[in-house]
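Labels A, B, C, D, E and F are assigned to the chains in the order they are written; within every chain, residues are numbered from 1.
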Amino acid sequence: MEAIFAFCVGLLTACGLFLTLRGRTFPVVVGITLLSYAVNLFLFSSGRLLINGATILGQSEQYADPLPQALVLTAIVIGFAMTAFVVILAIRARSDLGNDHVDGRNPPGAGLPSDRLKEKN
Amino acid sequence: MQHWAVLPILIPLLSATLMLLPPLARTIRRQRITSMISLVLMLGSALVLFHLSTEATQLYQLGDWQPPFGILLVADRVSALLVLLTTVLATGAVLYSLAGDDNQGKYFHSLMMFQLMGVNGAFLTGDIFNLFVFFEVLLIASYALLIHGGGKQKTQANVHYIVLNLIGSAFFLFALGMLYGTLGTLNMAQMSTRIADLSPGASILAEAGALLLLVVFGLKAAMMPLHFWLPKAYASASAPVAAMFAIMTKVGIYSIFRVHTVVFGEHAGDLAYIAIPWIWPLALLTLVIGAVGVLAAPSLRTLVANLILISAGTLLVAVVLLNTQAVIGGLYYLVHTTLVTGALFLLADLIAQQRGQATDRFVVSRPMKQAPLLGLLFFIGAVTVAGLPPLSGFVGKALLLQAAETATQMGWVWSSILLSSLAVIIALSRAGTNLFWHVSGNKTGTENARPIQIIAIVLLLLASPALVIFGGPATEFAEAAALQMQQMYPEVQTLIAEGQP
Amino acid sequence: MSLFVEWLVIILLILGAFFLMVGSIGLAKLPDFYTRLHAPTKASTLGIGAVLIASSIYFSVNQEGISVKELVITLFLFITAPITAHMMGKAAMHKEKQALDRTQNQHLQEPARNRLPPEATEQP
Amino acid sequence: MKRILPFPYLSMILLAVWLLMNNSISAGNILLGLIFAVLIPLGTASMRKTQPTLKKPLTAARYLLMLMGDIIVSNVEVAIQVLGPVRKITPGFIAIPLDITLDLPITLLASSISLTPGTVSLEVSEDRQWLYVHVLNLTNEADTIARIKQRYESPLKEIFGC
Amino acid sequence: MLEIVVLISCTFVGIGLLLNLWRLLKGPSVLDRVLALDTMYINSIALIVLLGLYFGSPLYFEGALLIAMLGFVSTAALCKYLVRGDLIE
Amino acid sequence: MSLFWILLLPLLGTVVPLLTERFGRTVCAFSTAALPALALVLVLLQMPAVFDGEAVVATAPWIPLLGLELSVHLDGLALLFAMLVLGIGLLIILYARYYLSDKDSMGLFYAYLILFMTAMLGIVVSHNLLQMWVFWEMTSVSSFLLISFWNHNTDARKGARMAMTVTGLGGLALLAGVILIGNIVGSYDLTAVLNSGDLLREHAAYPVIVILVLLGAFTKSAQFPFHFWLPYAMAAPTPVSAYLHSATMVKAGIFLMARFYPVLSGTELWFVIVSLTGLTTLLIGAYTALFKHDLKGLLAYSTVSHLGLITLLLGMGSDMAAVAAVFHIINHAIFKASLFMAAGIIDHETGTRDMRRLNGLWKYMPYTATLAMVAAASMAGVPLLNGFLSKEMFFAETLDQSSLGSLSWMIPVLATVGTAFSVAYSLRFIHDVFFNGEPVDLPKTPHEPPRYMRLPIDILVALCLLVGIWPALLIGDLLATAAGAVVGGDLPDYGLYIWHGFNLPLLMSALAMTGGAYVYISREKLFTFQSQFPEANANLIFDKSVKWVMKHCATFIDWFENGSLQRYSFLLILFALVLLGLPLIDLNTTAGLRPQIPVDAVMLSGAALLAVSALGTVIWHRKRLIALLMLSVVGLIVSLAFALFSAPDLALTQLSVEVVTIILLLLALFFLPQNTPKESSPRRVARDLTIAAIFGGIIGTINYALITRPLDSISEFFLANAKTGGGGTNVVNVILVDFRGFDTLGEITVLGIAALGIYKLIARMGLFKPTSDDYGRPWTEDKHPMMLSVISQGLLPLALLVSAYIFLRGHNLPGGGFIAGLVTSIAIIQQYMAHGVDWLKDRLKLDYQKVIGSGLLIATLTGVGSWAFGYPFLTSWYDYWTWPVIGEFEVASAIAFDLGVYLTVVGATMLILANLGQHTTTERARETEHQ
């Protein structure tokens, strides 16, 4: 299982980083969210993986490492706060700068920010 | 039970919180008073802590839990000094803001206090995850402060600043995972003792973690090539905020020092000083980029922002030289540069206000209403920051030059530091002559600067002559602090030892 | 625990899991959105219900005291599932989802979307 | 009494749910449950639209049981239809004229419809006169409508006395 | 015995989840994907309950409860977004 | 002790003029002169002691760690220069009293002047090299102020900047040199340094030291190739020029060479560099001076040339040459000061300095003319004047030296040529100004200046004559002691006579005289010859080159910091990648020895779900809503994973955060474009994919290596003490609220701050409001679907009950304040969605800011509470109580803390979401009104 877990963490990291390297705010936000999933799983697993070992005293035979869990909880909350801020900032940036490019300027030859989806049915 | 060590964190937290609640939340006036009162209290407690730390390192076990299990605050000379420095800087910034900047948007005073809490926490904590938490506190506060006053530039700069720092925070957590996953502890003192005993495989993982931490701290410290966020962010921030930001890069450098020269210091076996070879070239490059930026700067704010880069590079040099003299110079220089750059940000704002359309750009403009006064302040600031005698800059610079030991070190360190100083001299003489003397038309429009603003700037600038006049005691303190800092938290080690059955 | 109870649990579990799977199959298989809408809203409710009851019985028997908290979840699902379906149907009509060709009374979509009586729009 | 318990039914439900969740009827839990059963309705009172209250609790109970049965049946039906060949299915829209006009009953009706035999309520006309439903396998439109009306609408009408 | 049954049920639910995923990827429309997500919520409730049974531990119940509550909210939010754009107005 | 007063008095003197300015010019001038005069007296009082060779030193500690101490001394050299600096300084003060116009702020001028005087004095009397450097730099700074005194004209500003830059460069070099010397000698104390000449000369770093020190000296004393700044420094008021060119600034460089002469000279390197530089400077200066039409320009270049002469002398290496150098320092100071003052008078009286217009001033101001002519004659080296004597010595020395080996004969020849030119420009100064026909349309008709304006010149010219006639009597001892200090040993015996008999030097003088006369007579040809060469304006060139540097710096910065976040992020990630990757190369075995968990079908399908949906998020990232759906699947699976791997609390938290995030992103998406345009070039996409993939691979590898290795962590402690110490069975929760409650406090603070910041962001935010959905359809009319709202209001109480339940059990079972808070917020948000802002506005009166505040306050005060019992911040307390009927129950301070968490979470989340919702609604309402 460890291998699969590590693979997923790596994949999430890769996907997250790729999206954070995009040029528009929304994909970047999504990327950062993916990245934070990867980070949380990674930090969580630094206490090693254990099944059926919830750290509720008296409920399990052996216990997982509770410390990383606590750390990840903190990390999740902080991550949430940061995401929230950056999301709203994205809106603000678009209203201030007129576009949603991370650099505040539409690169030459960029398609219209809101070109319509071709909806299949 | 002495609580001094925790006060620099609690006082701002409490006052910031109270300012969100009635009755204080109602009027800006009440918030201003609260803010000033808490600053006075903080100055007081910081001074006491500073005094106590010279007698013995102040350890504070939060929740009364034995380290390494609980979070421990460590107020040794250095952290006490930095807390004091932060408070002084904040006092200057807040005083300045009272002239009206604090009313450009909501929550200014609360956010400023939160920022203080974060910075002080980062300086005081002895626990690496707690360090992360305080990093986030000071970051989120800075995000919020950066947009204070509004405007496109701020928004734009903020986007870059935040995204880069979010990636940085992610890396921080990766690194923490690697370190906890190998060392099994978060207490920095205990980490430092465990590194040497790691199995080969684990020690490589720990090394990876340590190096990743360098990226994180380097980003905060604006170490090249992670400095890109800084110039725009600092140049666009509103004056008091920018002044306050002068301390933020120092947090990164302080962390690099703690982690990469103490925790991963000489006791770390194979991992001793792993990061140093990386920092060497980057420190010098940071200096160079800063110098180039200073020469390229089209406006005073940008110039000062790049001065921050130069100071970051200089301090990194102080880190990598790995000797006491360097740390002494570094500490002295840190205090000097933080206060003077802070003052210059404030001054740049006044200048911009009095030059009308031209603001702080180096173009011909109408003469300033208070040219002589501002000119004098600018002159003092410029001489100080350029490291020209008789003001404080030269002492730190000379101490660092002396710290370079081998011929190679001298070659690199001296050339980069001295050339960057030359660049600063050129740029500042140019800036000064352009801003104050290259004028046309007559003084119109703007009203005089408010006395409180001048007081704030003077307060920060006074440090410069003081640091020279009392250079003897100052450097002696720095020496004591340096020697103490290079040891591996002896007091904490004993405390941990007591805890072990 | 007694054999009877164990078998009860087993049956309930298999049943529930089966219905859940059927629901998902329907989601995957059915031809248009409106028909797909049926599968989860119903199959799921029963599937989940069965599984929950199984767990309720299991824990009531295996631990001191009864375990009926599962009922709360069932309650929630039965309250919310129809509303979810309603909202999605609303959205579907808003998006003018083409219903399966052989669907009867397609003309009703128009008034339904605008929340008007059927007479409001004449028969085609 | 009305001031402490503005919505007695709600309070009862809350207490019940509380005890269910805690799996215990210890005195302490009952006390806590009571506290919440009183406080929460009071706290949320301002956010409640007035709804018709139960007139016939027993009918309501019977209605629920019947619904359960229908759900089970409908699940089997749907399961067969899903697993069987899809080609046979002939879906369709129907518009059910409503006699009940109040929000809560209509909602309950729509929910019942959605939960039971191959039907999903899609929309209610703005004038509360029509309920639009999608039928998975529409064989006889009139029958279906009639069946729904008598099997679900009339009992609901009774229950809420409207 | 029970363990095996639980595993079998888990597999059923797992298959269900994979089918949902297929619908999620295939679409064709956004709504189909929303529907797929909603079904996934349901299936994962089941999965968590089964997990609890498997471990014989009641600690996972709240997880199921939360999904039941929050899944509804997020689906409702998505639908509201599709028909009105603005969630809170 | 009194020695310090030599420095302190002038230092105090800087403020005097600023104070006395308002009492009138004369008062101001004399009060200003008082303190320097006193200092001069003090210096003179030390004279006998110095002549007796006593060590006249006073030291006080300053910054020991830096090796910097306050240390003042007077040896011969210092004495000589101190006298020049103060003496001539006083004359300048007097002169400036009349020179300055009423427009000029006299107080400021004097203040700068005295500051400069102090700095210069500091250099010469310093006994500590670092301290000397400090004053050295102070002269640069204060001269900047003086040169730019008339800052309204461009030349002044540019000249000042140029001087600052050049001398600044030199100063930094000098600092390096000084520190290098200090490192070698182990002290900056002058005596110590002067006693370690051999040590220094033999040290490997000697060449570096010499070059650095000479760089300092040459830049300051305008030696080739740094000579160009000096002529432009004359944009300063003439008194300043007179001072800078005679006794100070430029002489500082000479002083430096003289100071280090005993320790640094005496090597090939020194001789070659110094003598050649001196010679070149001498010639260039002398030649250029002749062609300057500006009176001060001529004098400026003559200064350059004479400084070259002195440098050349110091480079010859014979003790006698050193004596000559010192002698010429004195003489040059005297006549150059008087000449500049004369030029100033002429400028002052005629309103121009252009010699093509200045003619025949003899009949307008005969007295001044006489003085100027005598001084000029001295400059030319006419017998009976002091200039003659030192020039003779100079010639003598050029003859017996061998600095250039076989080419040494060139030096006397070139020296003669140079002197010839100096004769020529002196002649021009005399003839072209005072005779040579009638003046050409002068702005004013000249006449003699006020008497006291001339007094300084009287004194100096008198000195020229007296020294010229009775040299030994007047300055014999001074010269001897000064030269002694330079040579650093016994002096050769030399005679200061007017008449040395007919000898080669005399012949050289004669040649120079006649040659000079001839050059001047045939100047027309020379001028036409010279006019072929365009006159290079060093000022412009320098300014251009600085501008060039700045421009290229700017272009570089614009290229490097091009404002592209994508580049910045890429570099950040790349950097991290390198630092992470390199160590791993040494990692031989990835897998550790820890037993691993077997895989089953469900786990696999879960992993598949995660992987596919993650990839889906990337693939569909342009269709934002779909990406969002994929993202929420990822979140769902992650929380399931947490549940599977024994972290129920994490699962719950992840779930609730998940939903809030989705709602948030949906709210945002409405005001952002629905789709991302295709704009990344294939190369960039490939690049990003590569780096992302590699990074992901590395993280995965590390993660695998990590979790397959055994770990010995501190966590046993938490398991052991959670119940006994923290009073809870949910260890994670106990860690959060107790062991590491401080983290949690910080965490909720972050949340609170974020909410405040977001409030700031939202305030006064304009909006892009899509009028139709993504497919161009108008939105439905039905804002708040009836059934949804009916059910929602039924759900609210239930949700609140659930959150209460989750909150209360948190300490012992999965749950806690944070999750409860999120559940509550979601329930409220649900109400907003179902009923709308307007409906809730007057029904739900919660000030979320207050909620946050009180939450933080409660949490903090809970922590502070433990102080009352003498425990540190956040020390927890709990106890079990037993009540009739109720039975036993626990009361723990952790609950209060958790309540703080709960409130903060609710407040923050609502402030973020509801506030955004409200704002957007009101915004849209207003917009629609406008339409």
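Here is the rule we go by: a residue touches a chain if its C-beta (ideal position, glycine included) is under 8 Å from a C-beta of that chain, and two chains touch if they have at least 3 such contacts.
This one's a predicted model, so the numbers in the text were calculated from it and none came from an experiment.
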Taking mean CA positions as centres, which chain lies farthest from chain D? F
Chain pair with more C-beta contacts, A-F versus C-D: A-F
Chain A to chain B, mean C-alpha position gap in Å, rounds to 29
Determine the centre-to-centre distance between chain A and chain E, using the mean Cα coordinates as centres, and give it in whole Å. 20
Euclidean distance of C-alpha centroids - chain A vs chain D, Å: 39
Cα centre of chain A to Cα centre of chain C, whole Å, reads 31
Listing for chain F: what residues touch at least two other chains? 563, 565, 569, 573, 644, 648, 669, 699, 703, 706-707, 711, 713-715, 718, 739-740, 743, 747, 750, 753-754, 757, 761, 770, 775, 780, 782, 787-788, 791, 795, 798, 802, 813-814, 916
Going through chain B residue by residue, note those that touch at least 2 other chains and give them in order. 129, 133, 136, 140, 143-144, 147, 159-160, 163, 167, 174, 177-178, 180-181, 186
Note: chain A residues in touch with at least two other chains are 16, 20, 25, 38, 40, 42, 45-48, 51-52, 54, 56, 59-60, 67, 71, 74, 78, 81-82, 85, 89-90, 92, 96, 102-103, 119, 121
Where on chain C does chain F make contact in their complex? 76, 79-80, 82-83, 86-87, 90, 94-96, 113-115
Help me check something: in the complex, which residues belonging to chain F touch chain A? 563-566, 569-570, 573, 594, 596-599, 603-604, 607, 610-611, 614-615, 617-618, 621-624, 627-628, 631, 634-635, 638, 641-642, 644-650, 653-654, 657, 660-661, 664-665, 668-669, 671-680, 688-689, 691-693, 695-701, 703-704, 706-708, 711, 713-715, 718-719, 722-723, 729-732, 735-736, 739-740, 743-744, 747-748, 750-751, 753-755, 757-758, 761-762, 765-768, 770, 774-776, 812-814, 818, 908, 912, 916
So, in the complex, the side of chain A touching chain E is made of residues 51-52, 54, 56, 59-60, 119-121
Which residues of chain A touch chain F in their complex? 1-27, 29-30, 33-34, 37-38, 40-42, 44-60, 63-67, 69-74, 76-85, 87-92, 94-96, 100, 102-103, 107, 109-117, 119
Inside the complex, what are the residues of chain D that reach chain C? 17, 20-24, 71-72, 74-75, 78-79, 82-83, 86, 89-95, 110-116, 118, 120-127, 129-130, 132, 134, 136, 138, 141
